[in-house]
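Below, each structure is written out as structure tokens.
What follows is a pair of complexes built around subunit A, which joins subunit B in one and subunit C in the other.
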Partner chain A sequence: MKSQNLVLRIFLGLYLAVFFGYLLGPLIIMGITAFNSPGFPRATPWECLTFEWFDVLANDKRIMNGLKNSLIVGSGTVVLSVALGLAGALMLTQIYPKLRATFYTVVIAPILIPGVVLGISTLVFWDRLNIMLGFSGDSFLHNGIFLTILGQSTFIASYCMLVFLARLQRYDTGLTEAALDLGATNVQAFRKILVPFLMPAIASAAVLAFLASFENYNTTTFTFGKYPTLTIELAQKVRYGINPSISALAFTIVVLTIFAAVVHEVSQRRKQLALANGAPISAVGGSFQLPGFLRGNPAAIVLLVLTVGAVATISFASTYSPEACKVDVREQKRELQKQQIEKIQQQRQQQKLDKALQGPNIFGPDKSKVAPAPGAAPQSPGKGAFGGVFAPGNLDKATPKPESKIESPGKGTFGNVFAPSNLGEPAPEAPK
Partner chain B sequence: MSKGVGVNLQDVWIRFGEFVAVREANVDIEGGAFFSFLGPSGCGKTTILRSVSGFLEPSQGKVLIGGNDMAGIGPNKRPTALIFQNLALFPLMKVWENIAFSLEVQGVGTAARRKRADELLEMIALTGQGDKLPSELSGGQKQRVAIARALCAEPDVLLLDEPLSALDLKLRQHMRTELREIQQRVGITFIYITHDQGEALTMSDHVAVMKAGVIDQIADGQTIYDDPSTAFVASFVGENNVFRGKVKSIDGDSALISTNRSGDLISRIPAGAKGKLAVGDDAMMFIRPEALNIAGTKTPANNHITALVLNEEFEGQTFNVFLEGDGGKEMKMSLVNQGKARQSAKGSSLTLEYAADQAVALPAGELASE
Partner chain C sequence: MNIASIFKGFINRNGWGLGSYLLIAVGFWLIILIILPQLSMLDFSFRHHLPPPEMGGPKDTYTFEHYKFLALGAQGADQSYNVVDLGVFVRTLVAAFFVTILDLLLCYPLAYYLGQASGSGYTRILVLFLIIPYWVNEILRAFAFRIIFGDSGVINEMMMTMGLIDNPIDFIRDNIALYSGLGYAYILLMIFPMYNVIESLDRNQIEAARDMGAPWWRIHWRIVIPYAKPGISSGCTMVFMLSAGALAAPQILGGPSSLWFTQIIYQWFNQGGNWPRGAAYAIVLLTVCIVIVLSAMRLFKVKMGDIGK
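Right after this comes the complex of A and B.
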């Protein structure tokens, strides 16, 4: 039994490792690339710890503009979707039972319709309406933010409605009746009784709506007009190649998410702890009094560690300069390059000697021409006796990063990986 | 002390589609009275209450409060306050905010509201508990908060929809007296809904007994118990032994009923059934368990019943004997425990007697299901 248990445990551990690796692995790798210095996001080989990608990110006007648009669209979508969702849910709980199923199908349909269709239909509908009303081409009906908010809200409102429905099912309509009976108007009963009861649902619906809006691409891509959101900007960037500033952005978002989740968890645990210790419910909540409950609250400790870590990282980043490290790496690479080039030169000479001993060869003259100018070597890879493994062109491909750093560290989105000057640079050294 | 405002139901019918929930209700409730509607669940008593509080409009007839027709006036405009069966305290508001809610919606300032709430908290003996949430209170405390909240609205009529049904027995008995005291103190009209006859009888000035949407009898508690006007009331309120038969003869207030299994028995015709019984009619005769006693002689008489003892039960203050009764039902006799050792009569025949005016004869009708 015991050995069986052990095997089971091992398998369980393995499964968990694979499972979490699958879930979190990409995030971790991405997080690492945000701090690695190469111009193309990668975790290995680790070169230099750098925070420059956060600078690059902060100075990227398009990303920042996209972020701003995303926030505007997100806020608009939250307001519209929560309002529509609440209205739909209230309607659904009060409508005649016979109509309920039909109404439910109608309001839930947008979730089932592909976002692309919603995007196109939003665009076409408001365009038609614009023409019918005889407005100009740049009226608000053609405004990208307006259209995006409307387009996203069509289905996000349905999500919100589901959240409200779940909460409303637990609502005792007797409470509204009690309020009316005590002299409240319908508006007062709604505002003072129903809305406070729905507050948790409103908060979850708002978060859900914001996240759904923030990450939406397929509807937005039809409606954004002159106001590209973050997802649109990222997609366009990826099309032309990316640099680790994207990783830096993703890392920031992940960290903020974890931070928010931990803060939430801390407050929940604090409440539970207080309740378990006999504190009255009415005394729990309100002011932030973390230290008193720090003991026995792992989430609070995690929060503290996270906060300290963040502060330390930021202060470290503001003083730390990766330049020395970069120069080192560059030097190392140059050394390596030099050694390899020398090795190749020796080998070439050996070859020449060999060939001279063997007599005239049809490829001979070509070889002698190529040797002094490795930059042109890719024209004849694989022709040499060594299969082109040590062809100068290959070397150039492997070593361009330090070269690009010399000229414009952190400047290029594309890292200047294949800039012609990279190929040319080693050439002058080769003849030595 | 205000005199209180009367409530009148004039020929009220309430229908839900085909279903008639309340049929021809005519009730006059005096101002300042404690009035109960008593009936099994589903008899339409809550429906009547909702029509008084304004959540329902009668399909036909009028609801008058203080002589004013309430048609078209919403619940928030009526001088009534309802205490719900589940109390419906606002779970997210503190106790004092709950109590002062009716002031809050009138726009009264926080300090004044708090002051009024504290006064009421004192009245319901919950001083200092105002800052708790309702969920932190016990059942009886919640009950009292609900009453205070309703009273804070200073209603002319307080409507209570089975407010004690969720409480345990001890608390229920305690709250009965408390409710009665509060009612006498504030002097407003209480309309109380219950299926518990004990509650109705102990607290009320008048009780209306309802059956399937129809009000069978309206009278004070003792009249309901002693002089039921229908077979349903007789069987629903308190325990009763029923004897089916036909009217053999009528002599003024008393009637001789020839019962199916116990021969001719003498009984009294209560005021509510006068003129409804004629010789030859199907009738039912009711005798309370405590009205039965062991007969001194075994000579047959028209107030003697002979039956087989099926079971005996000692209950402390009473000693219950179950005998073979009419229509397959057991007949129950309750004897007061006088501290003497009793001999078991199980399995043997006993002759019982009763005083003629303790048995009531009523026209045959539907009995309460229990």
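Right after this comes the complex of A and C.
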């Protein structure tokens, strides 16, 4: 039984490793490319540690403009979809029971409708409304920001509604009734009882709505008009020519995300601790410095490590200059290129030599048989003294019949050198 | 109970201010944002492709031209069916189906593990790790996969240095990059519905089954999976619909020879400039996806109300 448990544990560990490798690996690799100096985002080969891509990013006007548009659209979407989602959730709690299933299906449908369809339908509808009302082509109904907010809110409001519904399930309607009995008006009961109860849900719905709006592409790509959001700009950059400044942006977003998530986690944890101990929340405030608190809280440790890492990186970045390294790499590359050029030149010379030597043999029966067996070919190009002969160009003409080659030895001037038996071994007389 | 009295009761319960807010907001959302645009798109897809001044004119009549084009292709074409577009359509649906299955197989064990071991700090960290990639932009996630799978990407470079291969493998052309990117993009939507349901499963049931000698696979088959069915189906539905309707990942990770159906729609809108035809294609995509999802739900006996829990 115990050994079975161990096997199970190993399997579980392996599975978790694979799963989270798949989940986090791409982000980590992308993060690495943000610090590598080649102009195309790549993690290998590692060349120089550089921070220039963050500079490039900060100076990219289109990205910054996209960011601005994204923020505008995001805030509009948050307001609209939280309002709509809240109304939808409240409506669902008091709607005529027979209608409830239908209503739920209709308001939940936008989550399932492909974003492309939502974007198109929004665009088509407002465009036709515009024509119907006889407005000009640049009225506000054609405004990219207006359309994008509406298109995104259509489905983001459904997300918000789900958040509210989850919270409302735990609501005791007796509270509202009590308030009404005690003489509160409807609005008062709503404002003083229900809204405070829903406050956490409103906050998380707002965060969710903002994130969903910020990263939306499918809907926005049809509605953005003259106001491309950050995602649209990114997509265009990724599709047409990229440099690692995109990685730098991704890295920034990931770090901010982790930071926000960890801060949230820590505060959550602190609240739980406080509640568990029966203490008011304020009492555990400031426990961050206590090592005892850190011991039980991996999230806080992560936060600490992150902060230290960030400070270290920034101070390092302000003193470190990648120029020297870059020059080095350029030098290395030039050296490599030189070597390659030399190699090619040598090959050419050898080829000439070969041809000159082979000249008399052209009429010999071995012309086609000189080529090596196809199987041996990949090892030879450029390496052997007779590189040119083995060049891929010759292979096309080569007869793929090794047997016929066996007949040839001794007929050509070079005789045995080309015999298949020689090809298996490292080529003789390799140049340096 | 007629409409007037329902309305009166509603206003009585909520008061004028709140009541009208609810009515206006819900009405706006339902009618202006959801229903009318869809109807207008449906209507638009039956129109001729006309320049704006002629819209509403005598030529603006209803037509099946665009649906015909999707099914039969351009008039006078070699084939009697629109092989290209229909082929892309079928391939998109099949690929979305396989992405869904892949995600389900990948996520079920983790959802079960998290759901059963819930509460400890360790699992909270795991959940955090799950959420972080989801907060990163869809485009950037796809881009990360391009860095990994590209010709000079990490995998190719690594295999070449290790001497496993001589020439880079074209993962993009083989669509491997696309499928992994799509699967990656919607992992969270698969895992959370399942996790939520499995979390509420009473552990005693599993222990009882184990005490009575059921092997682990039978415990899953007879207890966990039937219980988690709403979560599984809602996860599958979302992943299927979203990957069939994905646009970013195919645009960035798709090979040169393989289109996604949404890309064709996009082309009709942005490059072809034939909006009605794009709308018709979108309607077809939407309808077929809904039919597939509804029949799958009927097959597995799941209700619509379970979605989104």
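Quick note on the criterion: the second predicted complex is superposed on the first by the 309 of 432 C-alpha atoms of A that agree within 3 Å, B and C clash if a C-alpha of one lies under 4 Å from a C-alpha of the other, contacts with A are read in each partner's own complex, and residues count from 1 in each chain.
Rule of thumb we're sticking to: a residue touches a chain if its C-beta (ideal position, glycine included) is under 8 Å from a C-beta of that chain, and two chains touch if they have at least 3 such contacts.
No experiment lies behind these values; they were computed from the predicted model shown.
Applying the stated contact rule after C-alpha superposition, one finds that A:101 touches subunit C and leaves subunit B untouched. Of the two partner chains placed by superposition, subunit B and subunit C are both touched by A:185. Of the two partner chains placed around the shared chain by superposition, subunit C is the only one that A:24 touches, whereas subunit B remains out of contact. When the shared chain is aligned, no partner comes close enough to touch A:55: not subunit B, not subunit C.
The larger set of touched subunit A residues comes from C, when the choice is between subunit B and subunit C. Overlaid on A, the two complexes show subunit B and subunit C touching the same residues of subunit A, namely 185. Touching subunit C in their complex are the following residues of subunit A: 12, 15-16, 19-20, 22-27, 29-30, 33, 40-45, 83-84, 86-88, 90-91, 94, 96, 101, 104-118, 120-122, 124-125, 128, 131, 150, 153-154, 157-158, 162, 185-187, 190, 211, 214-218, 221-222, 230-231, 234-235, 238-239, 242, 246-247, 249-250, 253-254, 257-258, 261-262, 265, 296-299, 378. For subunit C in complex with subunit A, the residues that touch the partner chain are 6, 10, 13-15, 17-19, 21-22, 25-26, 28-30, 33-38, 40-41, 44, 52, 55-56, 106, 109-110, 113, 121-122, 124-126, 128-133, 135-148, 150, 152-154, 157-158, 161, 166, 180, 184, 187, 237-238, 241-242, 244-248, 251-252, 262, 265-266, 269, 275, 278-279, 282-283, 285-286, 289-290, 293, 304-305, 307-308. Against subunit A, the residues of subunit B that register as touching in their complex are 53-55, 74-76, 80-82, 84, 86, 88, 90-92, 94, 101-102, 104-106, 131-133, 135-136, 149-150, 152-153. The part of subunit A that touches subunit B in the complex is made up of residues 172, 174-175, 177-185, 188, 192-193, 196-197, 280-282.
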